[in-house]
Structures are given as structure tokens and as C-alpha cells.
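The two complexes that follow have chain A in common; it is paired with chain B in the first and with chain C in the second.
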Partner chain A sequence: MLYFEKRKSVSKGLKISIPLVSLIIGVLFGALAIAIVGINPYDVYKSLFLSAFGSWYVFSETLVSATPLLLITAGLILVFKMGVWNIGAYGQYIMGAIFSSYFAIFLPPDTSKPLMLLLMFFGGLIGGAIWAIIPAILKVFWEVNEVITTLLLNYIALYVLKFLMYGSWRNPTSYGFPLSKPFPDSAQLPIIFSHTRITLGFVFAVIAVLLIWFLISKTKFGYEVRVIGDNPTAAKYAGINVNKNIIIAMAISGALAGLAGMVQVSGIIHFLQVKINANYGYTSIIVAWISYLNPVMCFITSVLFGGLESGGYSIQISMRVSYGIVGLIESIALFSIVGAQIFLNYKLRWRK
Partner chain B sequence: MRNNSFALKAVNITKKFPETIANEGINFFLEKGEIHALLGENGAGKTTFMNILYGIYMPTEGEIYINNKKVDIKSPLDAINLGIGMIHQHFMLVDSLTVLENVILGLKNQGFVVDKKKIEKRLKEISELYALDVSPDAKIWQLSVGEQQKVEIIKVLFRGADILILDEPTAVLRPQETEPLFDILRKMKNDGKSIIFITHKLDEVMAVADKISVLRKGKLIETVDKSQTTKESLAEMMVGRAVLFDFYKKDKHNKENLLEIHNVSVDSESGIRVVDNVTLNVKKGEILGIAGISGNGQQELVQAVVGFRKVKNGKVVFDGLDITNKSVRFITQKGINYIPADRVGMGLAPNLSCVDNAIMRNYYKKKMSSNFILNYKKAVEYTIKIVDMFNVAVADIFKPIKLLSGGNMQKLLFARELLENPKLLIASYPTRGLDLISTEFVRKQMLKVRDEDMSVILISEDLDEILSISDRIAVMHRGSIVGVVDAKNVDKNTIGLMMGGDRLKDE
Partner chain C sequence: MSEAVLILLLSNAVKAGTILLYPTIGEIFSERAGILNLGVEGMMLIGAFFGFMITHITHNPYLGFLAGVMAGGLASLIHAFISITLRGNQIVSGLALTIFGAGFTTFYGQQWINMNLEVSFSPIALPILSSIPFIGDILFKQDIIVYLSYITALVMWFVLYKTTIGINLRAVGENAKASNAMGVSVYKVRYFWTFFGGLMAGAGGAYLTIGYAPFWLDGITAGRGWIAIALVIFAMWDPLKAVLGAYLFGSINALQFQLQAGGTTIPSAILNMLPYLVTFIAIVISSIIVKAKHIRPPRELGIPYSREEK
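Presenting the complex of A and B:
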């Protein structure tokens, strides 16, 4: 009879090899799915890899996709570490985009660039933070489950965005398309490597991850976060103000998701529209988990997922496969990585 | 020795786990009609050995004979079929069902329709035979812990067990319920049943066992007849050295109150009053024992004192300062430290490292951190200091604390609270689950700080502990103080009766 036995401790080697092996298994299953559709899986994977990491230009696109992932994941790591399940990065991202776009759309276009970007920067932070503080307060004072509230606030954020895009923020000259007017140059994040789309936002992302690493591992606040995450009762017993910490951590997490929204509209899209890639908010949840809630690991995982994202777009065109296939590969890979987590805590044994 | 009358023989049993050898070459012989105590400290390998006999583990090496026939016990079902019954420390009963229904639950070969009448008749026979008087129609939740234990025993007997294994059966009982249990065991013995009685309590062994096997570090040290041994020599076998049972207590006369609890009431999370109008004082430099069966409000009372729970009515004054419903941190900083009953659930963050756990009380203080940054170098130094001072056995202080044994976790927790130099230390069950050496150590420490004029509130179910350490003893029952007595002028029996709710007549 096969049965699971709990592991006493997890070695470093295991922590790295288990996701790798499961990723390989996932890739093999993905290959099976691609083969069923009648395409050569090897070609698809090769093309996918080359489209993500094959040249400096495609790699720069991978980093462009990794930027919002890094920002959001950094914040999620903090709240997940304390056992608060913020599923609302999607909505916080949208609110950050809306708040920052307000300045881009309604301030005079000749506002000085530093001032404009500074306002947008804080707009993004504050928009996202507000959207995260609401569920935090509901949780702390009325014990409302944050999984439900953050998730539902995602829909509200999306409809707020739609309301604005079909309503007063729509560009009158957009022929009825739900777009804002284009951002003036003063509202566009500067590009830091020429001939790429990598903007200052990438620097924000790197700083955000390092900041979260510093917070968690070097500060009193980070210590409290870890104690709360492992045992809230012990935290209360140790005299830690659990409620205050939950609100602060949620605010930070929401602010970073909001900043990701700002970086996307200001750096990449250059106007506000209904489709602003808010799905990064969901992908980041997985990125955070696969990084074992470790900020340093999240650099690697974010780049990998960024590659999957940007490479996936390219192979639609080059391989003439539907984006569904890309989604399928992504999902199977995720499924096996997440599914394999059980082997971190348990080992499979055989008993007669 | 009557030959060939072994109910069970375990020959040369060894059980290896990846990291440890839990049992090594154990030879254990159980005669028909005897009560055989298996004595050992936590981690000595008692539970592993029992699990081997009950088919939960397979031994790495060794053979088991039942009635002189070699057997392979691969699962608890095999064990039951071989006539081995196990009474676990935590009962396996369904609360909302009746006694009868619980007995039926595990039965095999009952067909589609269960003949309740027949089973009830058999159940009554068993009850009468061994004085296991419980009504078959009573629901489990209506029964006391002692009665629930009887149901467990009935269940096992019903399945035709001739060998009964009882895993620390008295751990959950009141002192008054222990003796009736022993009577039941003796009755079963006289009826030819063989009983393995697992415990680490020496008094119980001396009271009920015929033969005693002592386990230490996975090995069976010796099997002795009760008539040929003493409590002291058993303790020595268990621990490997002589153990102190009586403590010397300096005479002290303290007048000044350090803590005053005035008419305090506390409600549980579900709004039920669990502490009702309690008034209690703790003097400077005394150890106040709070005795009571667990769940009678002791925890809630002290948790309200330390700020962990809301005081509904009343007032708590500490060192002249009203601390009623102040924050936990405020109260600790004023000089009260608390060792909770539930170490892993409340006192520690099990997945965090020993360092993280060691600094839980002082990480925010000047010596450990500046305004924002925590100085982990100092934290590590502090942890090493605790580990050295209190002999905490730990392989790697950066590994999760849950990897430590219960005793070592408790030592670290105890040290952490003690080193804060509180004026009042509140210790809930500080020696529960500890081995004899750690127990002795913790008790000595409490007496030591008492001599340094620190006050201690000691909550314990272990009456020997309370009586030997405390200056005064308050007994709690159903959320009220039944009485406060001087530890010098009271015996175990009186306290036991008070724990059941009897007030002292001359009070």
C-alpha cells in the first residue's frame, strides 16, 4: 500500500529539486497536449524558449512582463507570510492604474514630467492601498474573511474601470472605443535601456523586492509579521498588535499592486483602457507560492513567468497556435508545480 | 514463574526510524492475568513499542508471540482479531451517539440489520462483570471523562480482547477517579485478562502493577516485580540517576500583596461565564498554587490577568497599579510573565527558529533592536545564552523549534519568561509532559526565584507538585474559588475533594 509519511524537515536540495522535477513533468504533459492538437511539441517549446530568452530584445520583453509580477509578488509575499490571503491584487492593480491615470488624463499635458510622474507614482500607491485597506479593516474589526472580500473587490474595481472607460473618462475621439485619451509624454515613465520597453518601473520593481526582503528579515515589523503568520495566538500572547500589523501589511501589499498598475499604464500602455493586463494580479499569487514566499527566489520565478507570458504571445504569431495552447502549457506547468508541493512536506512510502 | 502462560511475548523488538532508533532489542513478556506497567519518560520509546504491538508500526526486527504462537501484526485489525485491545489517551468516541451506538460502531460481521437487543444484553453483562457502570443509552457528551474511559474499555472488551493496552489512562482523570479505574483493572486481571499499563507516574505503578518494565532511551532496562522494588529505585532506572522528590522550602512570611484580583469575572469566546466573581491575592515572594481539574476557569483567570482576555467585571491590581484590561505588552512590561499551558498553540511559533522563539519577549527592547531594525546578531547571542544556561538540547538554533522535544521546548519557553526577571511569574502546567529531570529542574527554578522574592502562580493538576512547591493553594471549581488553604496544613485528599467542588467545612 502506498502512503504518505510526514517529513520532519525539508532540505535545501529538496526545495529546489522538487519544483524543477515537477516543472519537467508538467512540460512533458504539456507536450502531450500539444501533440494531440497535431503540432510538434518540440518546435513549440523551442520557439517558446527562444521567444522568451533567445535574444536581448526578446529577453527585454520578458523583463517587461516580469516587472508587474515582481512588484505585486513582493507585496503578496509580505501578507502571505503573515497568513493573510490577499487575492485582491487584481483589483488593487486596477485601482492603482485608475488613480495614477487621473493625473495623466486631467492635469495639463505640459505639467513638468517629474511632478507628473511623482503624482502618478503616489496615485498608484494610494489607489492600491485603499483597495487593500478596506478588506483589512473588515477582517480586523468584523472578522470578515479577506479571501472573499478581496476577491469581490476585484470585480468592483473592474466595473469602476469599465464605468469610467465607457463614461466620463473616455476619449471623445476614440470612435466609441473604451479608451482614455493618450497620456502626454510627461506622464510616460522614461525608458532606461534604449530600443527596449524596459522603463523606470523595472527599477521600482527591483527596489520593491529588496525592500520587502529587508522588511521581513531585518526589522522588528518583519519579525512580528513572521510570528503572526506562524501562530497568531502566540503573537497576541507576545504582545504584538496583530490588527495594526495586518492593516499595515495589507496597505503595503495593495500599494505595490497599485504601483504595478501605474507602471503598466504609464510605462507600457500609455493610456487607460479596460484591458490593462490586470491578470498579473492572479499570476503573482502563484509566483509568490512557487518562490516559497522568499523575496530573493521571486526574482527567478518572476522572470520565468514573464518569459512564459511574453514568449507565449510571440509563438501565437510565429507558430500559429492559439493562445489557448499557451494557457494550457502554463496551467499544466502550474498544476504540477503546485501539486508537487505536497512532496515537500510528505514523502511517499511503500508498505506491505 | 509459571511457564508457558505468556499471553504475549515480544522478543528482541527493534524499530528504526530514519533519524533514530526508537526501540532496540526489547524483550517483553506479559503473563496471563497480570498487570504489567511499562514505565518510562517521554521519548523512552513506550508509544512506539505499543504501536508495534497494536499493528500501527511494523518492527524492523524481532518477533511477537501471542499464546506462544508467532504472529505478524500488520494492522490494528490484526491486533483486534488476535485479542489485543488498546485504550488510547484521547478517546475515540462519537460525542453525539449513545454508549451502545459507540460500541456497535466498530463491530464487524453484524449483517445489515444490527441486533441491538443482543448487543445491549452482552454490554450489560460486561458492565456488571467488571463494575463498568454506564448506562447504554447515555450520550457520550453527557458522560464525565472517567465514564467515557469506561466506555472505551467496554468497547475493547466487547471485541473480545484478552490483552488490554492502556496508554497513560490516568492522565485525564481526577484523583478520585483513579482508584475506581484501578479496581476495574484488578477485576479484569482476576478474570484472566492481561493488562499493559503505560505510564510515567511512579505512584500509580506502585499502586496497581504486578510487574514493571522500565524503558529508557529505547531500551528495556529491567523488568522487576513490584514487591522487590521501590519508587526511588524505579525513578533511578527511568532516569539513570537518583531523583529528588522532596524539595526544601525556606520558611518565609510574606504580608505584602503583589497582585490583587477583586471580584473578577471572565467570559469565554462563546459568551459563557467561565470565571465567576473571583477574589484572590498573591503575596510578594510566595508561590500560590491554583489546583483544579482542567477546564474549571484557571486558564481563563490568569489569561485575564495578563491581558490576553477581557475582564468582564472586577479589577486587577498589580503592584499598586490598576492593570485591568490593559494590553498584553503593557502588563509584561510592568513585570508579569506568563508560561501558557498550550506551549505549541500559544507560547511558541512552531515553524520559526529557536532564535525567533527565544526573543519573543524582548525583541522590541533596547538591547535587541533600534527603532526599526532588529539586531539578529544579539538575538543569536541571547538564544545561545538561554540554551547554555538551561541545557536545552538543540541541534541547530536556526531550525524550526518544533523539531525539539516537548521538554526542550518547555525549557526554552520557561527560560525566556524567567530571564525577563518578572515580579510575578504565572506558570500553567509548567511540568506537563516533561521528563523527570526537566521536571525537577523547573520546580527547583520556581523555588529559587521564590527565594529571590519573585512571586509565582502555579497552575497544575499534579497535586504532588502543587503540594510540594506552593506556599498557599487556591482550589478552583466551575469558575469559582472553592477555598484557599495553607499548603503545610492540607493533604492531597482534601484538595482532591475541593477540586470536585466540596467546600471546606471549617471555612
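Presenting the complex of A and C:
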């Protein structure tokens, strides 16, 4: 029979190839799924690839999708490293969008741009952080499972957004559509490459990833985070304030997800509505894992997944292939990478 | 509120509760065996989709239900393989299963969107029991899938606490190594109960689209899988307490529906938020109670077991 034998050391070659192989497995199963509905998978993938990386303009759209992924993933890497399961980036993103939109909708439109953007920036950070601190406090003081609370808070945030969009924040001239009034120019993040939609938000994202890398690998806080992740009990005995660290890490993670929401409404959508692509919150969980919780690797992974997301939207329109294919490919890649972890430490052997 | 309205409300609460009861019981057993499966939402979606599709094609709701149950079971085997055989991280694998279920049903459900079912389960009034005043009208004029859920809860409670199967199952979730030493196959037990969890999630999903909301929409389960996972803690891993929890949340669904139908002035966003908000509050309260009473989850919940290592 087949059995697993422990390796003497972690296989480095596998460590590099596993994420790649996982993505390939995801793409292959996706091809199977597409073939079943009678469409040629090669055509779909070709079109998907070209709509994600085929020209500077489509690549710039890929970077637009990668921006929120980078921001959210940076924060998730921090909390996942300490074994805290923040599944609530979806809701934190929405709360960040709501808090920052408040200024864009209710301050006078002629407010100076730097002031407006600064308020929206902090609005996003604070909105997201609040939504993450609630489950963090419940976890550290009453051992309430954060997987469930962060998830439920996602739905609650979505309905808070709907409540506002169908209620007092709706633009009276939107013919009943659940949209806010358009953001004034002062509330729109400046574009940094002309003829694209890449805004200052992309710079925030790059800085956020670098900051998280610095925080994890170069500071005492980062050291404590890693110790807690390896063994929370040992961390407690070593005199690390586990509760405080959990709350701080969750706040940072929520704040970055909230900032992603702000970047999306202020930089891309330019008004608040029900559909603000909060699903980036779930995709980022996958990005974090495919990156092995490594901030540097998350640059590559975010761009790949950004391409998958933006290309996925394009093929839905151009080839009528349901956007569900993106979820299929992503989930199978995630299954593969989780299932493949064992091969880092074990070899498959045959025994009679 | 007149008695007729109250009866209608409560009998709808039982129906809505049935959608949650099956997956909650399933997850209780999977967790009792030590496997945390956060893929309930995805398995429910798959069950809901296959239930809907097969019923639509065959015009036979029972066949559709069976298809949904089996589809949920099959989906759970992906999680079982990754978390039992490959000892992968159960939280991430379960999340992947939820994303998989959503992606799969969105992709293949595209052509079924907004279609309706013309057939459903027909209610059967049980002799004698249905003539009990009030209670009979609520509990015993339901369809066969609801009756099956009563039986499932009772039988599974008995299995868990009064049979060798139940003792072994609980032992595996508490201390896998010791159960292996006693001659119980940890892998088999975990595979079986994870599969059972999938069947039950499929049943809840299929009942949703065949018996409760007979149409197809992307993400039609709307987070019910997560509410079911929360109900496991609320029920403190006990199948009979799960009945209580499921009907409590069923009543919120039914009330929400009744208020909306009655043209309430409460904004619909607030009404729709209610189940999640109440679950949130309930999970906080029950977690505090669980901690105070020293009730705890199965000891080795989420921890992979390896036969080779001592």
C-alpha cells in the first residue's frame, strides 16, 4: 500500500514548484469544466490570457484588479501567520468603503482635494479596523470562534451597505437605482499613469505589502506574531502578550481591507453602490495561501489573480463564459496547494 | 395575530428550519469525528443546484432530492481526501470547498437562472398526530422530507450517545491515537462521517430549492451554510439541541418573509440582516456559556491524524 515517509528536510525544489503546479491543476480542471459545456477551453484560455496580459492597457486593468488584492492580502498574511482566521475581509472592505464615502457624499464638493482624500483614507482604515476589532475582542476575551464571527459580519456589512443605498444615501436623481451621488473630483484618487485607471491606490498597495514584510521580518512585533503562530501556549509562557498582539494584527488587517474598499470607490467606481467588488476579500484568502503567506511572493500572485479576475470579466462578456469559472479555477488551485503541503515534509512510498 | 396566521408562521418556520437542520446535524457528526468542514455553504449550494436541476428534468422532486443529497456527499469527499489522507489545513480546505461550490454552481447554473420548478413535495397530514390542536397543524401537516428530518435528529441522537458507533466516533474526535490503539480505524470513521456531513448539507440545499424556494439563483443559499456551522456551537454538538436552534432560526426566516409579504415599513435590508445579526449575537452568547460550563469542542477537532507517527 501507499504510505507517507517523513523527509529529512523540507524539499526546496517542491516549495517553488507546488504553487505553480497547483495553478496548473486549477487551470486543467477549469478546462475540463469548460469542455463539458461544449466550449473549446483553448479558445477561452487564449481569450482570458489576452484580456489579462495581451496589451499595456489590459495589463493596466489587471493591475487595477491586483491593487485591492495586494492591500487585503498584505493584512491577511499578518493574521494568518499568527494562526488567526480573519475571513472577514469582505465586510471590512465594505465598511472601509462606507466610512470613506461618507466624506465624499456629505462634505462640500469644493473641499480641498488633499484634505478630502486624507479624510477618506483614514475613513477607510478606521471603518475596516472597527469591523475587524469586534471579532478580535470577542475571540481573545470569550473565545468566540473568529471564523464564524468574521463571516457573519460580512453579511451584516453587506446589509448595512444595502440599507444605506436603498435609504438615506441614495442619490435622489438616480431613478431609484441604489447609487449614491457621484463623488466630486476632490474625492477621486489621482491617476498615476495616463490613459489607465491605475491610481495612487496602487502605490498604497505596494507600500502596504512592503510595510507588512518589514513588520513581519524586521520587528519585535513580527517576531512575536511568528512565535504565536507556531505555538500560542509557548508564546504565553515566553511572556508575549498574545491577546494584545491578536487585536493589533486584526486591526491592521481590517484597516488594510478597509483601505482597499476606499481605493476602489474613490479611485475606480467614483460613487458608492451595492456592487463594489467586495469579493476581493475572499479571493485574497486564496492569494495569501498560494503565496505561502510570503509578502514578496504575493506581488506575483496578486498580479496573476488580478489577471484572472479582470480577464474573467472580459470573457464573460466576449465569450459568454460564466464568471463562475474563475471561482472554479481558484478553488481547485487552493485545494491543490493545501493538499500538496504534505509533500514538503513527506515522500510517498510503496509498501507491500 | 390571529391563530391561523400564527400557525402559518410557525409551520413555515419548521420548513425554513429544516433547511438548516440537516446541515447542522451533518456538521455535528463530522466535527465529532474531528473533521471541521467549513465547506457547508458550498456543499449546500451543490445540493441545491443538483436538486433543482434533476427535479426540473425528471419532474420528480424525490429523485431531485436524492440527487442533491448525493451531490453534497460527493463534494465532501474532496475535503475528506485533503484533510484526512493528505492531512491538509482543514480551515483552508473547507473555505476552498465553499468557493468551489459557489464557482461550480454559478458556472453550470448559468442556463438555469430564474427558472422555476412546477413540482414540489406534497404535504401529508399524519393520522392522529395532525389532529393534535395547534401543534398538529404546525408539525404534522408537513411533507415527507420534514418528517425525515425529525427521524434523522432522533436516530442520530441515539446513534451518538447510545451505540458503539457513537462511542467510536466520539473517541476518534477526542483522541485519535487511543482509538487507533483500541482497533478503530480513524481514517474510515473520519471519512464516513465527513461524507455523512456532505450528504446532510446536500439535503438541506436540495430542500431549499425543491421544497422552500423553487427557483434557481446564483448563491441561493445566502449564507445558510455558515449559519448551520454557527448552530453547531449553539447546539453544543448535540443533534437534539440542533432541532431547537434550527427552528429558532427558521422562525426568523419565516417572520421576515411574513413581514415583507404584509408590506411592513421596516426596510428590507434590515429584515434581511436579521438572521445574520441574531446568529452573531447567539454565537457570542453561546460561546460564553460554552466556556463557562467547560463544554468544549471535540478535543482533536481540526487536527490531522497520522498512523505512521507515534
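The rule we apply is simple: the second predicted complex is superposed on the first by the 323 of 352 C-alpha atoms of A that agree within 3 Å, B and C clash if a C-alpha of one lies under 4 Å from a C-alpha of the other, contacts with A are read in each partner's own complex, and residues count from 1 in each chain.
Convention: contacts are C-beta pairs under 8 Å (C-beta built on N, C-alpha and C of every residue); 3 or more make two chains touch, one makes a residue touch a chain.
Because the structure is a prediction, the values reported are computed rather than measured.
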Could you say whether A:176 touches chain B, chain C, both of them, or neither, answering first, second, both or neither?
neither
Tell me which of chain B and chain C touches more residues of chain A.
C
Check whether A:218 is in contact with chain B, with chain C, with both or with neither, and answer first, second, both or neither.
first
So, A:286: does it touch chain B (first), chain C (second), both, or neither?
second
Could you say whether A:233 touches chain B, chain C, both of them, or neither, answering first, second, both or neither?
first
Which of the two partners, first being chain B and second being chain C, lies in contact with A:108: first, second, both, or neither?
neither
I'd like to check the shared interface: which positions of chain A are touched by both chain B and chain C across the two complexes?
none
Touching residues on chain C, where the partner in the complex is chain A:
38, 78, 81-82, 86-89, 91-93, 95-97, 99-100, 102-110, 218, 223, 226, 229-230, 233, 267-270, 272-273, 276-277, 279-280, 283-284, 287-288, 291, 306, 308-309
Which bits of chain B are touching chain A when the two form their complex?
19, 58, 74, 308, 327-329, 332, 338, 340, 345-352, 356, 359-361, 363-364, 369, 372-374, 376, 399-400, 403
What residues on chain A touch chain B, complex-wise?
8-9, 218-223, 226-227, 230-231, 233-241, 351-352
Using the touch rule from the top, collect the residues of chain A that touch chain C in their complex.
3-6, 33, 37, 85, 87, 138, 142-145, 147-149, 151-153, 155-156, 159-160, 162-163, 166-167, 282, 285-286, 289, 322-332, 334-335, 338-342
